[in-house]
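As structure tokens, the structure follows; a few thoughts come after it.
As written, the chain order gives the labels A, B, C and D, with residue 1 at the start of each chain.
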Amino acid sequence: MSLIQSKGEKATRQGFSDALMELGKENPDVVVLGGDVSGSVKVDAFAKAYPDRFFSVGVAEADMMGIAAGLALVGKIPIASAYGEFAAGRPFDQIRQSIAYSEMPVKICASHSGITVGPDGATHQSLEDMALMRVLPHMTVISPCDYLETKRAVKASLGITKGPVYMRYFRDNTPMFTDESTPFEIGKANTLAEGKDATVIAAGLQVWEAVQAAEELLKEKISVRVLNMHTIKPLDKQAILKAAKETGAIVTAEDHQIHCGLGSAVAEYLAQSMPTPQEFVAVNDTFGESGNGKDLMKKYGIDKDAIISAVKRVLKRKK
Amino acid sequence: MPQSNTQKLDHKGLEEMARQIRRDIIKMLLISESGHSGGPLGVADIFSSMYFNVLRHDPKNHNWPERDYFFLSAGHLAPVWYATLARAGYFPIQELTTLRKINTRLQGHPAPAYTHGLPGVEIASGSLGQGMSIAVGCAIGLRLDKKPNRVYVLHGDGELDEGQIWEGMMTASHYGLDNLIAIVDRNFCQIDNRTDKVMQLEPLSDKWRSFGWNVLECDGHKIPDFLDAIGKAKEHMGKPSVVIAKTFMGRGVSFMEDDYRWHGVPPNLEQAKKALSELNPTEFGDFIEFDWEKELVTAK
Amino acid sequence: MSLIQSKGEKATRQGFSDALMELGKENPDVVVLGGDVSGSVKVDAFAKAYPDRFFSVGVAEADMMGIAAGLALVGKIPIASAYGEFAAGRPFDQIRQSIAYSEMPVKICASHSGITVGPDGATHQSLEDMALMRVLPHMTVISPCDYLETKRAVKASLGITKGPVYMRYFRDNTPMFTDESTPFEIGKANTLAEGKDATVIAAGLQVWEAVQAAEELLKEKISVRVLNMHTIKPLDKQAILKAAKETGAIVTAEDHQIHCGLGSAVAEYLAQSMPTPQEFVAVNDTFGESGNGKDLMKKYGIDKDAIISAVKRVLKRKK
Amino acid sequence: MPQSNTQKLDHKGLEEMARQIRRDIIKMLLISESGHSGGPLGVADIFSSMYFNVLRHDPKNHNWPERDYFFLSAGHLAPVWYATLARAGYFPIQELTTLRKINTRLQGHPAPAYTHGLPGVEIASGSLGQGMSIAVGCAIGLRLDKKPNRVYVLHGDGELDEGQIWEGMMTASHYGLDNLIAIVDRNFCQIDNRTDKVMQLEPLSDKWRSFGWNVLECDGHKIPDFLDAIGKAKEHMGKPSVVIAKTFMGRGVSFMEDDYRWHGVPPNLEQAKKALSELNPTEFGDFIEFDWEKELVTAK
């Protein structure tokens, strides 16, 4: 028996790209900024279809964020596109002042996030971006789990008209397992599997890993709830509290440093509401390296197997 | 096309207004006991010229869609901006007494209208070097909508050390944004020392030219000269223009003039008295009268 | 009765400055980089005394961090000085790649951190810097509590020869309450007051607020342990675990956003070891504003009174 | 003063070595199935010249205190650097097969010797725009110690869009760092398109000159021309020098030459065969022989 089926693979960044094409058609105010990585982050299709609404700003991410703010000021809906590290880390102070503090409705769309960037290595693997964006007031932070959810998240982000949105997604092709009937609402976690022994709260690529882990654990008679926490900020506190109350044990799973990410957000909240044993599946305070995405997920302990052991560890700690 | 909704002042009026703005700055800083004297005094002539002659704007309707956009990239110059905005009618002039105090709309560095409610401020500044990019985005957006509004951005010279400005300059020239005019407050001073000691900027005009800009130099204290430069900048097609305005930090107050040590310090009581005695009262009138005998009790 | 006496006031940034003067004398490899805020961050004394080892880099913090890395590479001990936001936020990607990933022994010394920067307002109030630096692998993060501890921390940081150190301290004059006999070791929390009902884990200016809070609470017969957690990373896990075990209730206090800072670090660790009720005294996910330091500490809820209420809240939650 | 501990090659030898490095790049990328072809092929002549003629260095003692420092600011050019370092004797040439594989020292973007153990790499790069500042720090440090070592930093042209480079350029000139030589790989290409389409850089030499640099232009594929420019740069006193070397992306492989679409793509089997057939084998010999019949089974 399997909890959820996947129907082939497609890249989350393609979801972003396809959403852009629809938005370009629907909304003449949507403008896209490219930082000389248009093919990789897949804004090239938009650039071709709407050349007058695409602006190349060169390899200059700080400038890109300021330009986005200026465009927002005159009523445009700017989509700033870059790799995770260059979308969040390089222009942090610019995002902070010109966008977050100034509450500009800019969409910062970060492809190539996390360790699965793969062969490019550590400099290109943004494992800190959720921390950087989550700590900023007024910022909405979204980490969708597959192609379709990315597409829906990008489209839904236009509904946020006050303050910016940061969206992180990935380079590789990954399993598609949500469909149009899957609930998706910014700020509301989505329960992918019910369970009573523990809850895995996952974001991004770790959602599918969590589903697989839950399936395997079921064979060992361990019943695990899986929450897709696609919105890191604002956090769905209700869903977390419910999980803590009903299952009494939490595992968080993310493609991010162990500090300051999703796990951290959950721990912060539970410490203030209902302290609960929690295990972290995350990159353990180290930089990444070259390799293919799957191998790296294994080596850095953020795959299905890591989730399975974390669930077993947390169950031992459960009272 | 609607014209500016403010009355334009002539050269003499602009000078008088500049002096009034300088008086306002001294008084504001005396009350706030914190903030920047040197830079703001140095650009009072420029601010007077901009808000009472150059800009299309409507102080009573700060979101007027036909307005020119003005960005203060060097956010620490806030006092001169606030005084000018108040004088132009954006908000009650009495509010200048609240500079840098808790709960004020007159933040130490400018905070935007729709978050902090101060009309006339479009976006935050304070962390240096960010205004050029914002101006570029704004100019691109206006051009997309085929709108004639102009975009102005004012930079400090020390601020030009920040690489982001050069990124933005490149982009402005790449897109030939002739609806964008930058103004550089070339006072040869920054916090630590004179600019050539902290970080050599010369040959500054060559730098801008090599980045594809139309460069105009002027004396930032000679109002006709400045207006002339802005006029030429407006006429220049196909390229963004920059007006490099030579100024003196602390202009108008003898003991502050051209002295970088006045970058970020407010005057004390004695100094404020002396400064005001050098800046004759104007027809526009002060926003607050101090009771010098009682050492400011009225103001606090 | 008072737990600890303060002996006058002095600025933590003066502690940095005085340490620099001693280091300049003791170690000819110490070089200082200034970003056009030399007087405020108090590297002017060093610049005057050792002009050939002081370098002005203009208002260019990204450049400063790269230059620091280059100097470290040839055996110098570079001290990069700036305000908190411009030391951590503006050059984040440069610190990440050229310093943290490259493990360069650069000392990043951030004066004017936190909300007590005061009148300059939100753009200058770095409330996110602990998050940014804590999430970076190889980074040591220190937040000393008073003049002398800052001085000692700066001097002790030279002992860290592999990887960088980020140090945050403050603009205002603040009470001096540690002396040479106060224990200070990087990575080891210091117990300032013993107590059994709850523990306040504080850093920076909140340490003194915590001491005062403990004193007031004692009058109400509430006995509070006060830990000075001057090292945010690496975290003194032992001291935290001991506090959780022995007092069963934790309050964290810091001049930082509520997310990703000291409170977050403590919550992350306790969730993994011993879930414990915790209350956060921190800036509640909002930007600061102009005002004087003390007024802002009150308005943004990070002063003694906020700690007292947090202790009372956490005691209600304690089992 | 000790001289370089490597044997210098003459012009013909340098050309031959450059061709070998190009062959190595093709083979490395074919094996890694990921990485950048265009830029690395374009600067093979420069790398050959630097490591077999210009630099004072000791491949067997990569921390030799008398060495010149070389920084690759455009970290994506790693393949040409790795091939050159291996050919110069920094590490076993067979290790080139590990490019971008898990656990390798040959990271997709360079990781430093003392963290990842690859001799010859001083510091990480990959996030563009950071090398100039590092070079400046290094040059200042060497000057402080009155050491004669020189510092070289190589930039891509697209990389010059990053403002941090202009910050570093200003600082280098402010301190008159004549022990610093920058090299720009002026191939007029970056990822999205030709540089003038993505972000106009011209007049590039004027930009560097206005930032206080001594500017030398040369043909980056004519080795004597390049060496001549470097020679002049070394002699120039009082200012940092930049060698703007005109190159073609993908140089040496007909179907890649001057085509920006080859910026970040590795060749497939067919393309690699064709590329190698255009790059004649050299006296230095390949680091791996492919069994083309078996479609690379030996290599994988």
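Here is the rule we use: a residue touches a chain if its C-beta (ideal position, glycine included) is under 8 Å from a C-beta of that chain, and two chains touch if they have at least 3 such contacts.
These numbers were taken from a predicted model, which means no experiment stands behind them.
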| item | value |
| --- | --- |
| Shortest chain-hopping distance from chain B out to chain D | 1 |
| Interchain centroid distance [CA atoms averaged], chain A/chain C, Å | 30 |
| Euclidean distance of C-alpha centroids - chain B vs chain C, Å | 35 |
| Centre distance in Å when chain A and chain B are each reduced to the mean of their C-alpha atoms | 41 |
| Where chain D touches two or more other chains at once, by residue number | 111, 124-127, 161-164, 167, 170-171, 174, 199 |
| Touching two or more other chains - residues of chain C | 57-58, 60, 62-63, 85-86, 90, 93, 96-97, 101, 122-123 |
| Graph class of chain-chain contacts, one of line, ring, star, complete, other | complete |
| In the complex, chain C residues that touch chain B | 34, 36-40, 44, 56-60, 62-63, 85-86, 90, 118-124, 289-292, 295-296, 299 |
| Chain A to chain B touching residues, read off their complex | 31, 52-53, 55, 57-58, 60, 62-76, 78, 93-94, 96-98, 101-104 |
| Residue numbers on chain C that touch chain A, as the complex places them | 85-86, 89-90, 92-93, 96-97, 100-101, 122-123, 128, 131-132, 134-137, 250, 257-260, 263-268, 270-272, 275-280, 285-287 |
| Contact set on chain D toward chain B in their complex | 161-167, 170-171, 173-174, 199-201, 203, 206-207, 209-212 |
| Residue numbers on chain B that touch chain C, as the complex places them | 32, 34-35, 75, 100-104, 106-109, 111, 116, 124-129, 158-159, 161-163, 190-193, 197-199, 264 |
